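Below is one structure, written out as structure tokens; comments come after it.
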Amino acid sequence: MTQKVHPYIPNMVPKVQEEMLKVIGAKNIMELYSCIPDELKLKENMNIPPALTEYELRRHIEGILNKNTSTKEYLNFLGAGCWQHFIPAVCDEINQRSEFLTAYAGEPYEDHGRFHALFEYQSLVAELVDMDVVNVPTFDWGQAAATSIRMAARINGKKKVLLTKTTAPERRDIIINYGTPDLQFEFVHFDVKTGAMDLKDLKAKLTEDVAALYFENPSYLGFIEEQGPEISKLLKGNQSLMVVGVDPISLGVMAPPSHYGADIICGDLQPLGMHMNFSGGQAGFIATRDEVKFVQEFPSRLFGIVPTVKEGEYGFGDVYYDRTSFALREEGKESVGTQTALWGITAGVYLALLGPDGMYEVGQAIMQNSQYAVQRLNQIPNITGSCLNSPFFKEFVVDFNHTGLSVEELNKRLLEKKIFGGKDLSNEFPEFGQSALYCVTEVHTKEDIDHLVQSIKEVIEK
Amino acid sequence: MTQKVHPYIPNMVPKVQEEMLKVIGAKNIMELYSCIPDELKLKENMNIPPALTEYELRRHIEGILNKNTSTKEYLNFLGAGCWQHFIPAVCDEINQRSEFLTAYAGEPYEDHGRFHALFEYQSLVAELVDMDVVNVPTFDWGQAAATSIRMAARINGKKKVLLTKTTAPERRDIIINYGTPDLQFEFVHFDVKTGAMDLKDLKAKLTEDVAALYFENPSYLGFIEEQGPEISKLLKGNQSLMVVGVDPISLGVMAPPSHYGADIICGDLQPLGMHMNFSGGQAGFIATRDEVKFVQEFPSRLFGIVPTVKEGEYGFGDVYYDRTSFALREEGKESVGTQTALWGITAGVYLALLGPDGMYEVGQAIMQNSQYAVQRLNQIPNITGSCLNSPFFKEFVVDFNHTGLSVEELNKRLLEKKIFGGKDLSNEFPEFGQSALYCVTEVHTKEDIDHLVQSIKEVIEK
Amino acid sequence: WNEPIIFELHQPGEKGVELPPVNKEVALAVGDGISVIPEAMQRKGRLGLPEIGQARVLRHYVRLSQETLGSDFNVEIGQGTCTMKYIPKINELLIRDPKMMELHPLQNEETVQGMLEIFHKLDLCMREISGMDCFSFQPGSGTQALFAMASIVRKYHESRGEGDQRNEIITTIFSHPSQAATAAVKGYKIITLHPDEDGFPDIDKLKAAVSERTAGFVVANPEDTGIFNPRIKEFTDIVHQAGGLCFYDQANANGLLGITRAKEAGFDMCFFNLHKTFAAPHMCGGPATGALGVIAKLKEFLPAPIVEHRDGKYSLQYDLEQSIGKVRSFHGVAQTVLRAYAWIRALGAEGLKEVAKIAVLNNNYMYHKVLAIRGASAPYVKGHRLEQVRYSWEQMTKETGVTTEDVTRRMTDFGLHYWTSHHPYIVKQPFTLEPTESYSKEDLDEYIHALEQISKEAYENPEIVKSAPHNSTIHKMDEQDFLDHPDKWCITWRSYLKKTAVVEAAK
Amino acid sequence: WNEPIIFELHQPGEKGVELPPVNKEVALAVGDGISVIPEAMQRKGRLGLPEIGQARVLRHYVRLSQETLGSDFNVEIGQGTCTMKYIPKINELLIRDPKMMELHPLQNEETVQGMLEIFHKLDLCMREISGMDCFSFQPGSGTQALFAMASIVRKYHESRGEGDQRNEIITTIFSHPSQAATAAVKGYKIITLHPDEDGFPDIDKLKAAVSERTAGFVVANPEDTGIFNPRIKEFTDIVHQAGGLCFYDQANANGLLGITRAKEAGFDMCFFNLHKTFAAPHMCGGPATGALGVIAKLKEFLPAPIVEHRDGKYSLQYDLEQSIGKVRSFHGVAQTVLRAYAWIRALGAEGLKEVAKIAVLNNNYMYHKVLAIRGASAPYVKGHRLEQVRYSWEQMTKETGVTTEDVTRRMTDFGLHYWTSHHPYIVKQPFTLEPTESYSKEDLDEYIHALEQISKEAYENPEIVKSAPHNSTIHKMDEQDFLDHPDKWCITWRSYLKKTAVVEAAK
């Protein structure tokens, strides 16, 4: 036996291979590749380093990862689409269970638990957004928004889409990429003092061919858009749909967009129990009312509850499968595939653990802590804690224009003090000059915030 | 609701309590304590810090643990009863499974998997030691040795026990504590040049009333005791039993004690897949031949295989339960209770993963690496890599007497170089002066060993 | 277990977990925090979530997990086209390192050098495996990688002024439905080629299809049938001559590692599902990664950022001249990037080739065994199968009335499963098996034996199969109505409560 | 699953995991490493372990895990005396920190300050809970803590020159069998007191038992019956007057936290099982910790080392003048020390008291409900039960022939279980339930309902119960012969192969 049998490949055992080849009637394995023409066959070996045993692999990978500095070591105030929150240990326990980790596309019988857990996830998020239909999770907020918008356009058959200019730039890019060439996009201005949507501009752009308006609340810049009802009225009058993106962790204290007229709600599940994972924790959701015209436009899978032949027992299955691209290929609604089911299950666990009080408390804690941070930052000369004059949730724009330092420089110096400063907005929103988007959540203690404030003070005074 | 309901205590909900009290017919919970006299009741509150929420708790504990420096950060050459080995990820996956983690004393039906896994553990270790009976694991090597010796004394009804002087001091203390006052202990000398047992001294002390001799192979000091067959002959001639302690990870390359006459074998399972856990990974095992006189003296549980009413199906149960203290209280054989079942299951997983080749390879790797370390240490002037002139396994005594430094001082300086040096033997074995017990295993790379040697060189040359 | 719906566990007052408390001084400084929310934006009333103690929530979900048949638990070879292989536990352990789990994607590059190194090193490996020149790991699945490729095709032709003219993408019927669906999302007209009678893509049909309207050609090879198209280079040549780009669906490349590559077959782009061929877990359906590789001239079209390595430093390159923008937020699913890298390093170049060879060996072994089962067949050419085969129960259905859906339900009783196949069922009564390299001969024999047994039952006592499952977590469902009728479907518990008589009766 | 014995999975050549390779230069420098082993000490021949690929090993063990009913999965209240409570997942996550997992016990104290801090802080908490003055966490279980206490009793009397004279230890029949067994190991004669007719320990019998031979008195309170002895202080006074030490088995102290303590009851020592009352998991039966507390004058007898705190530094104190030596290697089970500390900190003083109160509430609720079940009773005094009750099916057995063993097998069919009780069965047909604070009223009702149902079956159709289990992992075993006859018992697979005809037939 010249070649070692790899632990992952049991049939490398030569004796077993012989038996199998005999059954097949082939002399060797390469004979089975005779269908591949020689000129397509790779002649040389791939230039990939030799195999590592498990222990070597572990030392190798951990050696590389040790070059990272995580948010456990440094104090983090970055958000901007991926947020640091408290994650109950039970969430990790469940999503690390070998069964959920390695399951895939089983049927409702042998994978009953997967269907059950995802149906519950749908049901729990439904309470949060106060809507009757929620999908099996999609990739992330950006793609969920893009899909929501495409759904809206299919529903009313129009082609123009309005986005607020305060839409997160990344999400804007995804929306446009998914939307073109079918849809045309236009941007609605905002009030630089408060962040609020410019309703005059909205009215001007709200032409007959507008399929939908998309905005976020709380917005990318953290402020709360309070004109929801007015906006809704305008849209309804024009037979345009209102699509609202939302941070679900705000919904214990903030009204769900369905309460101010949203037709489709989307957002990111990452705050509900997912580690940041360098952005691997993102997951999107879409919610609508239980009307056929909405349901039939979902590209995603939707799990429904079904009685079994045994009284009182529940089963689950795919609702209206025939609308999907699995069933109809290019005639289906957009496309569906592997998305982020495990994070859906996890978000369900999170919501089940927190319950109504927990969701209220976490929303309140975020608001209190972030307001405290702004209050304290305001006490630093030449800094404005929040340059927008409006209530905000979790994130806020800190104005450093009068410090004489660029945000880039400032963040570099904060890094020396083991702090990840807020996201530099000077490229994305030049209207705010040298400003940064700071994120403060329930995980930040008073001491953390005080330490940030003290450090910024030291940096700008130096 | 003045008091918060704790997540671990569902029935703190006042409404539920009321309902339950109504069923009981009590006014309040303290009424249920009326059986406790007032003078016994604690008047003041316990002085324990206020409750922490999960996130606070995590920060608190991790903050404390961060004060530790682990063997992942520093290079470790400590062994002496707790060893650093390669641990396959599958071992951790299995012993962290919620089912095994939280199971306890279920019956063979609902806990079939636990019985099955432990029966397999017994069977796998049996192959290693080449004996037909292995117990459900006990606390650790020391206690397993103590119990083995007590078993021996019960079997032949004698009261004197011989131990080699090279027995690990900790294990010696446990043995004596468990053995007194019933048994008397005497020590057999060893050859300071090789570590070998002094057979003359053994003969002298091997009086008629000797129940058993206990020695370890490989020994605490690492050397291999090669006089096994001769020792066995002497004992058999005297109707004394031979009890041998063994490091099971040596048994892929070293003969099991049963091959040179051991009647009872014991040892520690920690090398077979357990993290060191600051010594929380220890677990003992005992093995004997399948003879009633041995089996009936086990205090431990022994799981046996049983056919079920369905052809070809296996069940498992307690063999000869009526010998245990569970069944007989003080008339049972010693005592039994919660010991280290989870480590037994883990050791089984480890052995199943490594198989015969793996156990051979790990033994060989340990020998090669440790011999290499000795060879390289010998090249340092004034140091003798191994001061015993005999083959050794995994551990060896390094002689620093001619360096002018105490081991204590030396280890302190190595610590500055991020190395945990070997265990200081100057107290336990003053006959070796300033010597230290070094441990080198399969996890040490050539670079690790070279780094150690270079560091020692630098320290003694400074 | 017969777990209730989680809302049924509601016990007012119970609590699953406590939040970190707000510091008293903070509360003193800012007040209740929430009254600043404008009236219209305040949440009114209490959320309708259940209240449940921690132990009960845990018990609920661990029980549900036990009712889920992960690939760790069975001989998981019935998900053909999806490559379910052994998920090494060491990789799962590595991704739980806080140095990975607790990274924010926008951290200063200096503080994520390790993570970027892994992205880059995986990129280098993937280049070797495919022959492509640069990879992006941003797409969150194969579907999204296909979407990204369609976006690149559009951008590419736009950059050459042919954006409007080239509005057709050609694919084949035995390629994954997502190929057609994602191209359609990018506004393309889809031309679908059907195979010749042997199951090979038909070169004449391709010749007839290409034109100056051809934007691109997307195909899998082998296709879902497991049949490898040996003339693939001729196909890509034809498309190139017509001015189109060729992109390769290598979601499943398990039979090809180290054997043949996208480059030599003439493709301009390809993607691999790291959660299939590269042993990252499927996790009930994501998160995942579609690793997207392109030839040098298309690099500037990739979604930004990509990782660059210069002078020992890794950096994120956002500046790609023709970038299609983004398909997914930030950098993609970093855990799965790490898993794939770890898996490749555990195997090395030779090990990867063994993966392919044993996958093909295993598949051909099954192919021979399954064809011997009464009522089973594998339409199209004999042989020529690589890592998977699409089989058919057509004959059995004709002779016994037992359908492939019946069989899949009956498999459950054996602790095994398969799914039928993607629509449309060109192959009648289909099932697609892909044994991969992970399973031993004994495992395959167990699976084959179950199929044999079911075939036997179908011919001797079809009712057993038709009324299955008999031994599953739940009993047989009454599906049609409840899933497809708007008045009866219930996509959430609240909707169920509204729609069922249970609620009516309670009123 | 019907998993075979792992040896049956043997496939020569397969491999479960690879070892780190030996560096070539090392091998060159030292040779094969093993030929230096003296001939007689070399392993001859190949080990008889099975060879199995990694995925199959994993599949085997995860399936076995699913066949194990951990407390995470059921209403685990049938292990009375053993306090099965909710095991918080956060604690399990904390103990997997490499800063804990990868510590060597002999590391320089400077490098384990965090670990020592946790030992010390837990010590402080335990002092508050018990009133004792110092704790050792070395004992690896309650049994070993009892053994350590018996050792201290011996050493104490020896230190006073009464070692030989005082050779009796007094206990009660409703205390855990380990109390008697461990004292016997230390050479003591055991005097076992039986209760009075109400189930209370009999003070007159104690008075009659004490003498100048009395070394110590060991007891649980409440005992296994759940009955609290209100005159306990009188008991300890009597023993002290006779010159003996009193030690308290608080393995299970769940009803008493913050309510009453060892100190006030006059005990010199006590121990707590951290894996019971303090929410560390049982892990199929260990590793565990019996936290051993003593009053100041006995501190110097503790097994060494103990952790001391001075000037902000923690150190290991090996120097205890009268130390009994060691009972377990190194420092004990550090993970479980950490778990217990984390649990206490999650509750605080008030939370601990709530634990006790709710445990007592839950138990009394069950007590009322179970007594209402036909055929069930709780012998001895009415009421007075704290956290558990030993019940009896004596009446049901008389009336129906269904025994407590039958019931325990039948419980399996409900996804629940209980064990009967420790021997001897003073209470006939016993079962001991301890609901703890972890279970909700609904959980308790579910359990009670199962008992009611079984009682109903016993009276209406006893065969159902007697022939149980009907719905378990395996069928009913043919126990007696195979476990108790030396010719038939098989404690290992090799022994099974030798003894069964299977092997004979194969020859």
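The first chain written gets the first letter, and so on, giving A, B, C and D; residue counts start at 1 in each chain.
Heads up, the rule we're going with is that a residue touches a chain if its C-beta (ideal position, glycine included) is under 8 Å from a C-beta of that chain, and two chains touch if they have at least 3 such contacts.
Being a predicted model, the structure only gives us computed values, none of them experimental.
Visitor: Please find the path from chain A to chain B through touching chains that uses the fewest steps, and give that number.
Guide: 1
Visitor: Between B-D and B-C, flag the pair that has more C-beta pairs in contact.
Guide: Most contacts of the two pairs: B-D.
Visitor: So, what's the distance in Å between the C-alpha centres of chain D and chain B?
Guide: 18
Visitor: With chain centres taken as the means of their Cα atoms, state the distance from chain A to chain D in Å.
Guide: Each chain reduced to its C-alpha mean, chain A and chain D end up 46 Å apart.
Visitor: Between chain C and chain D, what distance separates the C-alpha centroids? Give it in angstrom.
Guide: 46
Visitor: By residue number and range, which residues of chain A touch two or more other chains?
Guide: 6-10, 12, 16, 54-55, 62, 72, 86, 88-90, 93, 97-98, 353, 442-443
Visitor: Mark out which residues of chain C touch at least two other chains, giving numbers and ranges.
Guide: Expected reply: 11, 14-21, 53-56, 58, 62-63, 66, 72-73, 86, 88-90, 92-93, 415, 438-440, 443.
Visitor: Can you tell me which positions in chain D touch chain C when the two form their complex?
Guide: Those in contact with chain C are residues 1, 11, 14, 53-56, 58-59, 62-63, 66, 72-74, 86, 88-89, 415, 438-440, 442-443.
Visitor: Mind pulling up the chain B residues that touch chain C in the complex?
Guide: 1, 4-10, 12-16, 53-56, 88-90, 92-93, 98
Visitor: Which positions of chain B touch chain A when the two form their complex?
Guide: On the chain B side, the touching residues are 7, 54-55, 58, 62, 72, 86, 88-89, 93, 97-98, 353, 442-443.
Visitor: Spell out the part of chain D that touches chain A in their complex, as residue ranges.
Guide: For chain D paired with chain A, touching residues are 11-21, 53-56, 62, 88-90, 92-93.
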